[in-house]
């Protein structure tokens, strides 16, 4: 166990983006870690005169990371930037936690199918640990490189994997994941799609059946591609993901039995909260937290099950989970800075 | 065909609510109809000094409706008020178009199951025409009493019924309707659930698998209750409904074949717009219109189909469709005042 | 008076922007005019498959404008594009109504001070009519080139000029115009400042005491620069401008006397609505209209007056007023298409 | 100085309201204080299953407050409830911090003029300390009863009092305070005015020149009623107040001189942040903090000054400031739990 008295340094590349700024916010309150801003060429416009004020800054290079003895580096950068930065940063001995999709899919071919570009650091794919602590804690604790999960897959896998494992889903009928996200999930780079006047008073579906987060859901949940119908929708709000997941149960069942499956799966998980059967979480319940809230509904007529999962896309869906992963990798208490 | 030169009078009970105000707005531009405000005891707070200014007003009684010779009366009132008002208003000879759920479910027992109160005018249920013109035009044209459909069922049935009829859906796998609605769908009466601070930056699911609009969807689409999983969700926006509908196809198929089913079903429908396969409508496309926009997605792996349906809940989902029904019932051009 | 039977053609350059799209919407309902989309090199991304569908299109050149016999051309383009397009388009004989700031300030030096660039068509400045019909109707009727007013100055001048003329303001104490605008006033080009996540749950002041709309207010209201304190603020909403204007009265006075000044000034104005003393308009009252609503408050202690002015920045603040100007210039009824 | 090791208990009456919930949130992180929920008859609907979970609860009576040894009690209740509760709670020896307007105005007559009801505990008015620490710190430290300032007056007085004291304002020209507030400032009780559909895409001015927060501004700033024009406006956002304050300077001056006045006044204040001259704060900068941010603009032509003040209405405008006051009254570090 690490000593809390002299702070460990953790660097943040991409600190001007929404996930990066959330990392700064969380780490500034972390009892054992001090955030360091890593500046690189493509850093975006900063927000207000007070953000990041008083924090250490240094160039985002292996040299400065090594010289300063950073214990961890967060890459809150686009996938292509992460693929370029990761190899050299790993050489410094820092744990690298990448928030992009660069290292999540295991095989270069899988990445290339969904991201439609060649992988620039395929040698690292095999060793990257998938950073969903509830299912991959042991590997994360040993990893040099952690691929922080996507926001949609985090909620989907936390909702689906216990059910798939328990064998309660009638997989032949398929599983539906209807996902809704706030706009910060699209990043801070200006675009017409995320302009206020285009988003307000609007909802739009995108990447229907073809979202690049689908392969992450398949890998972790255990479902086949032909079994999963996934649709993402952009909502007029800043932060939050709500996923409504529909399945048919094999044989008889009840809401209580399904709830018990989750209770067993998540008995010791500090960041999973289960609702009484028939109650659904909303985004307010998880805003600015690292929680994933799950509500279960079941109707025996037809064996229709509905699970509602809520997370903050910048919390458990990005920066919060990244800090949870750092805590595991560096040997801190897993909840440090997150409650 | 009616003569456009001397305006027909149409009364609006509940004109201070959102659907009622939208009726006033639409009818004020109607080429052949003049709106009349029907005041009754429970009329809510009016909005601003200009709303309804210069319009005729009269008490919401059978006497005044008859004396003024109203050709149609819209009931934009809660179901229990509609059940009380409808019998006497029908005696005046006016066509009565009810926007509540009072007369939609055919049998009193069905109403009582879903609305959890006794029906107060059960004798009228048999003669009430269900006001979804795309499927019930002939009955509407003959009806004294028209039950204007619910907002969710309008989008769901327009998306589902052609597919169910064509037999392309693998019904054993079930159908999912994930519905999202703006807040105006909940009416204008103040409540904590519709308060700004509770709704903004939030999404919440409600009445999961148990919404009172479900029986309307079953009746018109032809699905069985055990086959349909319906969830309603409240979004931080004023107007609009987006429904994402998931199904599995029986046997092989393609997006084009599914699109053709819709093209055949809606070839002559002025208010249904079909998108090229793979494109999805958003709420902006239908805001303040009477359109229902449909976008079809299909992936042959698993026969996974997704249909996105968008309407304005106060337009095709309420007031717009009510005016469409009035046009049919009174013999006006069906699109009058609505394009 | 024009003959309504064969439609007059009016071209719209910049039809993909917010003001341009609003022009399309208004002109599509105009009883005597048919809109034509003028395509030029820099046309932005279109919105949805239905926008502008079925409308005539042609290149935005003097040749095609002349060949088609357009009676009017709207320039819903940035100031530098308008300065480049206007000279040749005027040669075609079409009335040119420019929605940018290019021709509003009378003298090139004034333009250059506030817009910080040289004027590229200074010869046209003298003949351009300022398109605020309530005060410049006669010149507009004779003009070839109409400079449609800025959104902020429209509300400010309608509120201020009657008071300045009547001499009721104690000008030595100064006048304050606190202006709030929806985001569509900033145009459709993506930028960080108009991104959803930067705007929602936020308010920001900008160009404090230094907004380029100030000289328009001074020119029309009759105030001196040293007398006016103007601040613009960006609000988390799509459409609408609310201006709260503060002044001190010279000598005694009353709300009723001030209301009378407005009543005299606007007795025959179809688009100015005065509220009973002590009531203030809100944005809902003017949304999607060409109205300017004014509410007057006065407290004799200190002679403190407050006028609240509300417009839709895309209506009376841009496209609505531009159509009003076209109606005047082409001899149509001034309210045609606008009520 | 208090000992941080054994937690001090602080009760919260009205914990289901927005200010009360914010008190719970802040105190749950306070290093030396443990919050206790005080339940009374009129407690509103709670929010979600996780709010307040695991916290101590007791009836809101003098008996239980005394028995439990609460060191402080926060009244996040309406003024009439606060007037009823305060006398008995003071008898327990707890410091009472009232967030309502009940004890802010010094004299019963002043209260009765602005709140339009008789004062029910006039004997306490003289001893109540006005809880604006930047100006009343010494009295707060000695007080049994602290009247936590209103949200609007907090921002207005922090912006105005240094200028009034320094004598730079030309008071004969008057001072304008144009105030904009998020909806949470109106409380959690449902009403049409705070319903989502009435607030979104809207801005409305209310209580123009007649807001009950005016006398608080006069008392603390030193202005006369005839000198101040105050308008409040409701914005479509949850949290935050932005006030734009306009004045005329006596004699010559500069933005730098004005900035210096503030620098001297607030040199040692931990919660006041001054912006470089010409920069204005926005609401994002202060969201969920106890800061008041001030930006100064000045134009020598006419001596026009504009100060923009931003606070979180639930932070420095209510719960944050209340905790700051508690820290002072109980001898904790003033910033404890607030940075």
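As written, the chain order gives the labels A, B, C and D, with residue 1 at the start of each chain.
One rule holds for everything that comes next: a contact is a pair of C-beta atoms (placed from the backbone, for glycine too) under 8 Å apart; a residue touches a chain by one contact, two chains touch by 3 or more.
Because the structure is predicted, anything quoted here is derived from the model rather than measured.
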Target subunit C, source subunit A, minimum contact steps: 1
If a chain touches subunit A and subunit D alike, it appears here: B, C
Cα-superposition angle relating the copies subunit B and subunit A, to nearest 5°: 180
Chain pair with the higher count of C-beta pairs in contact (C-D, B-C): C-D
Centre-to-centre distance between subunit D and subunit C (centres being mean Cα positions), rounded to whole Å: 39
Length of the line joining the C-alpha centres of subunit B and subunit D, rounded to whole Å: 46
CA centroid of subunit B to CA centroid of subunit C, Å: 38
Overlap residues in subunit B, where contacts from two or more other chains coincide: 47, 198, 200-201, 236-238, 282, 284
Complex contacts: residues of subunit A adjacent to subunit C: 18, 44-45, 47, 183-184, 188, 190-192, 194-197, 199-201, 236-238
Contact set on subunit A toward subunit B in their complex: 172-174, 176, 178, 180, 182, 198, 200-206, 208-210, 224-227, 229, 231, 233, 235-240, 242, 244, 246, 248, 278, 280, 282-284, 287, 295, 297, 299, 301-302, 304, 306, 308
Residues of subunit A touching subunit D in the complex: 47-50, 200-201, 273, 275-276, 279, 281-282, 284-285
